[in-house]
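Presented below are the structures under discussion, each in the form of structure tokens.
Presented sequentially are two complexes of chain A, the first with chain B as partner and the second with chain C.
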Partner chain A sequence: MSIALATRAPRLRRGQVAAIVPTLFMIGAFVVPLIGLAMLSLRPTNDLNTPQPGWTFEQYQQVWDTGYLRSSVLDSLWLSIRVTLTCAVVAYPVAWFLVRTSSRWARTAVFAIVLSPLLTSEVVRSFGWRVVMGGQGPVNAALQALQITDDSIPLLRSGWTVFLAIVHVLLPFAIITLTASLGAIDDALLRASANLGASRTRTFFTVVLPLSVPGLTAGLMVVFSLAMGIYVTPLLVGGATMSLAGLQIQNMAMVVFDQPGAAALSFVLLTVTLVACALIALFGSLTSRRRTRG
Partner chain B sequence: MAKSHIDAAVARWSNRIAVLVVCGFLLLPLFAVVISSFNSANNFRFPPEGFSFRWYEEAFAGTAWAESLQFSALLALMVVPFVVVLGTLGGYAVAAGDFRGRGLLSSLFLAPMAVPGVMLGLALLYQLQTWGLVGSTTGIWLAHLVVSFPFCVRVVAVSAASIDPQLVRAARSLGASELRAFLTVTVPLLRPGIIAGAFLTTVVSLGEVATSVFVSGSNTVTVPVRIYSAAQVQIEPTIAAVSTLLLVASVLAIALIDRFFNVSRLL
Partner chain C sequence: MPSSRFPRRAGLLATGLSLALALAACGGGSSDEAADPNAPFKGKTLKVAAYAGSWGESLTKAFVEPFEENTGATVELVPGDPASWLTGLRSAQGGTPPYDVVAFTPNVIPNAVDAGVVQALDTAKVENFGELNEVLVEQSNIGGQQYGVPLSVGSTGIAYRTDKVKTAPKDWSDLLDPATCGHAGLNPLTFNMGVEYLAGLIRENGGDIQNQADVDAAFAELAAAKDCFSAFPADAPSVESGLQNGDTWISAHWDGRAFVMQNNGDPVDYAYPASGSVGALTSFFVAENTEEQDLAYEFLNYLASSEYQPTFSEGTWYATSNDSNEYPAKFEEQIKHGKGAYDDFQWIDYQALSPKLADLQAQWQKTFGS
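Our next item is the complex of A and B:
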């Protein structure tokens, strides 16, 4: 009898019951709001930017036609590319150190420092850059002490300061993903390369770099997609006038109250981000495939 | 041989210097905040003119900051238990389950990390408008659940992936029901992941700003959201004092996580 029952009723597989509640939660609190946002971006609006019944692409048309909105997406793209490349280059020596150092103490200390900004509120870090780059801040004080300049330089609200602050916010992500993939490289390969007479530089470019491509692409994708949507840091460090898509979305939604327009711009931003991430992934898999074949 | 030794030393030292520079860069703004919070004067001059606690006193004396500190703490207390339950179930399902569509489910659970905060905030704001919950505690609570859930799933999943399925099978064959086996065998084995998930959720909830800005109402202003709006108007050392408190809270949470869970496995 019990055997007959067991075969008749399809038994639930392990973990299926556990998945029910979180899946329902994610559908209700994440998928449904995003679908709602997608529908909102396809609604026509009246003069007060209130969504009306019906369907139209005019919000997307408006994003494309409005010069500053179109260029904000391009500016975000350009800034994200610069931030991503900088993070990749700067993350290498730190990840290398974390993997190679024999001192447990040094590794723990560096790891804690790398992680500390990640777990500090973005708003605190941005505020910190305001202080650092302020008129009487440490950078200006140092420049004046070294007599490079007499008056304080207006470092805030410059594109370079915003760039630095964004690199600061996102660098830990690059370091952590890269550390994971550098750690997986077999020591024997490095010794073999050295024994065969390769210089350190050559070993780096022909052994370490190719083997770290999977971790590198994962890290680049995380940094890139976070940089594309960032708005808190540029707003606090650079001011509301910066041309970045995330800031424009925030501005349209919370200042101009054009929610359908903001919805359309955020889907444009998401699409551009996903396409760029797909390109990074493609680049990554092409590089590693060429390696394994050659 | 001598040349290669020198080469190795040069490489090692240039690596160390690069690491020091990067660490300095990462710590610089955090130190600047902490130092300026103890400044005795009402400015951000470096080096500061004197030492005082006056900005901390001011932060606690002013009702707005005190309310926000209270609200942030309360919100974290309301968010953590729910995220821990959801994240434990979700992390266990994606890491230890053996059903079809597990990979898809894992992407769904981690998806909030990939969507820009500004977009998630807008989507939730619009949704809350239709539910009539704009500016309510429920609204910002829901937003914090969504934002911190993937972090908790990830940490629990790391723990769950290392559980030996034989243990649960043994419990089942000894007559324990599915639920009993889960509660008495699986959950205790997941404990380090669950505890780390709870602290990580606390850190995320205390620091969340990009999404919260959209759904926070006049009575539901968290500390980061208040810093966000205050810093846009005029920066004052009170902001530095509150930021330092927030920083200390997350450092404590991280130190506690580290006791239960190797922090390097968090990401």
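Our next item is the complex of A and C:
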């Protein structure tokens, strides 16, 4: 007993020491700036938006009272929900293929295609969409060749173009997390399900889907969080016409120079994102619990 | 024996070291003293915040290279944009600024002055300040106090595709011409070119961007043509790529960049609007609390000099602020410049407009947002 304790204590200490560095890094790189941002969001401003001494909630009041700021948060929420669900639906068959295919060549090729967007910057990917959807781009050329339209269509103005571009940017995150989760499912469970007479569809809904909930939940949370704050892609593809909180924050901080206002809107967005992520996590937890009970 | 040999070796070593140290000391001393009067700032580094790309390359060729050669100092260019430089200066407020000299456009100047991140300028310390164009100098004068040294000046007007637009535009409202409907670019008010276009359109109608009724009338005009805009470019490269790839046939743009496109073979031309162009200017400022005050003023001397400015203009195709500048014939032909050239330009009073900018953007978003 005493020997066991004696050997466990140094291990624990080593574990604690190992945890100190990442903890300090997180405090330094995330928590401290967040506190600074919170303090900035409580500063009053003058006419030119320069922060003044004192404390106030007027920046939060402004977010609540100003229609386009309030709706930018709601529009971001709605866009993120659509993007997240689309990514989940599209990612599932791709991840399943990656896990189940016996061809190493096919797995490598699909994985390379899936990861390729992550190997280039968001700016480059977004400019790629501008080339594809531009007036002289391949989509417009195809539409004209098929005589669907006589002249080029302003596709870059369309909210659907921005939506597709965002799905393209975030899809790899959903595929990677789902692949890890689906890969952990034991083949014996699938064989047992088939041996007991379950069809492929029933096996999917009663075995595969419930067992992939942890990966699905993680993927939903990652994609949703990234979609809530996205601004580079809509800015470059849509040209700042979309009502999104990320664009508004960028504009308030870097164009109007209202940094306290931008900080307040950031915190509102962060709160909405955290609440939504908590709901996603709750959904995952409840689904897993029901599976365990079942 | 060994005991007597060691001191001898030690003595030799000590003598050698002393000689080496003495020589090194002499060398160092002579180098310091040799800081000849032609290189008074040798060993010092000046951090200058300036645009990247051809603008930064031209700045290097025109000013930085002769400055480094003549002063012995080193210039470190920090690329970015005025908004990010202002943010950087604000973050460092009270401490050493991240840049000693910084380039700002007029939309940023009131905020920079109000935040106290740039110094009031001692114009007596800037050689050739008297040769700088008065209209341009005035743009960085806030509350009767001069803050900046103007360098490059352009005008916002209308760029268009010569192969698509049959009749050359004459004024701002030609962007709303039904002939180019579906192919016009409109800059959002999150980009200063968008503000400049709106100001120009309002002026053509006989109004003023500071007057809300005039702003409402212009927005009504724009809203009526809402479906004619094919793109909303939010930065200068987007304006250019839109014109090049056919998304837009006509768009507001700056003269220098439009003529560079034309000179590079793009089927693009530029029109100075009949009711007056809107001025676009970049001026340089000395950061508050800089540790290189004298060096910063020395750099401003180069920026203001007619000896160096034309080289910069040839690189960027923007006019520069010294009225004594002499330019190549092609530049003279294409670009407005010199004394009196900017008198009919509209200059946006950002000191008055900045507090209203968020509301204007909201109005724009309400009209065009999706």
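The criterion applied here is as follows: the second predicted complex is superposed on the first by the 265 of 294 C-alpha atoms of A that agree within 3 Å, B and C clash if a C-alpha of one lies under 4 Å from a C-alpha of the other, contacts with A are read in each partner's own complex, and residues count from 1 in each chain.
One rule holds for everything that comes next: a contact is a pair of C-beta atoms (placed from the backbone, for glycine too) under 8 Å apart; a residue touches a chain by one contact, two chains touch by 3 or more.
Keep in mind the model is a prediction, meaning the values are calculated, not measured.
Q: Please tell me, clash or fit, for chain B and chain C sharing chain A in the overlay.
A: Clash - chain B and chain C, as placed by superposing on chain A, overlap.
Q: Pick one for A:Val275: touches chain B only (first), chain C only (second), both, or neither.
A: neither
Q: Going by the contact rule set out at the top, does A:Asn46 touch chain B (first), chain C (second), both, or neither?
A: The second partner, chain C, only.
Q: Is A:Leu196 contacted by the first partner chain B, the second partner chain C, both or neither?
A: neither
Q: Which holds for A:Arg14: it touches chain B only (first), chain C only (second), both, or neither?
A: The answer is first: A:Arg14 touches chain B but not chain C.
Q: Let me test your reading of the model: by the given contact rule, A:Ser243 touches which partner, first (chain B), second (chain C), both or neither?
A: A:Ser243: touches chain C, not chain B.
Q: With the two complexes superposed on chain A, say which partner A:Val256 touches: chain B (first), chain C (second), both, or neither.
A: second
Q: Of the two partner chains, chain B (first) and chain C (second), which one does A:Leu146 touch, if any: first, second, both, or neither?
A: Once the two structures are laid over each other on A, A:Leu146 reaches no partner at all.
Q: Quick check on the superposed pair: does A:Ser225 touch chain B, chain C, both, or neither? Answer first, second, both or neither.
A: In the superposition, A:Ser225 contacts chain B only.
Q: Figure out whether A:Thr66 sits in contact with chain B (first) or chain C (second), or with both, or with neither.
A: After superposing on A, A:Thr66 lies in contact with chain C but is clear of chain B.
Q: With both structures placed on chain A, which of the two partners, chain B or chain C, ends up touching more residues of chain A?
A: B
Q: Can you give me the overlap between the chain B contact set and the chain C contact set on chain A?
A: Residues 130-131, 134, 136-137, 235-236, 240, 253-254, 259 of chain A touch both chain B and chain C.
Q: Would you mind writing out the residues of chain A in touch with chain B in their complex?
A: Checking each residue of chain A against chain B gives 13-19, 21-23, 25-26, 29-34, 36-37, 40, 90, 93-94, 96-97, 100, 110-117, 119-132, 134, 136-138, 140-141, 165, 168, 171-173, 176-177, 179, 199-200, 225-226, 228-232, 235-236, 240, 246, 249-250, 253-254, 259, 262-263, 266, 269-270, 273.
Q: Hey, which residues of chain A end up touching chain C in the complex?
A: Contacts found on chain A: 46-50, 66-68, 130-131, 134-137, 151-152, 154, 156-157, 159, 235-236, 238-243, 251-259.
Q: Given the complex with chain A, which residues does chain B contribute to the contact?
A: It comes out as residues 7-8, 11, 15-16, 18-19, 22-23, 25-30, 32-33, 36, 43-47, 85-87, 89-90, 92-94, 96-99, 102, 105, 108-109, 111-112, 114-120, 122-127, 130, 142, 145-146, 149, 153, 165, 168, 178, 182, 203, 206-210, 213-214, 224, 227-228, 231-232, 235, 239-240, 243, 246-247, 250-251, 253-254, 263-264, 266-267.
Q: Could you pull out which chain C residues touch chain A in their complex?
A: These residues of chain C touch chain A: 83-84, 86-87, 90, 108, 110-111, 114-115, 182-183, 188, 190-191, 229-234, 238, 241-242, 245-248, 354-355, 357-358, 361-362, 365-366, 368-370.
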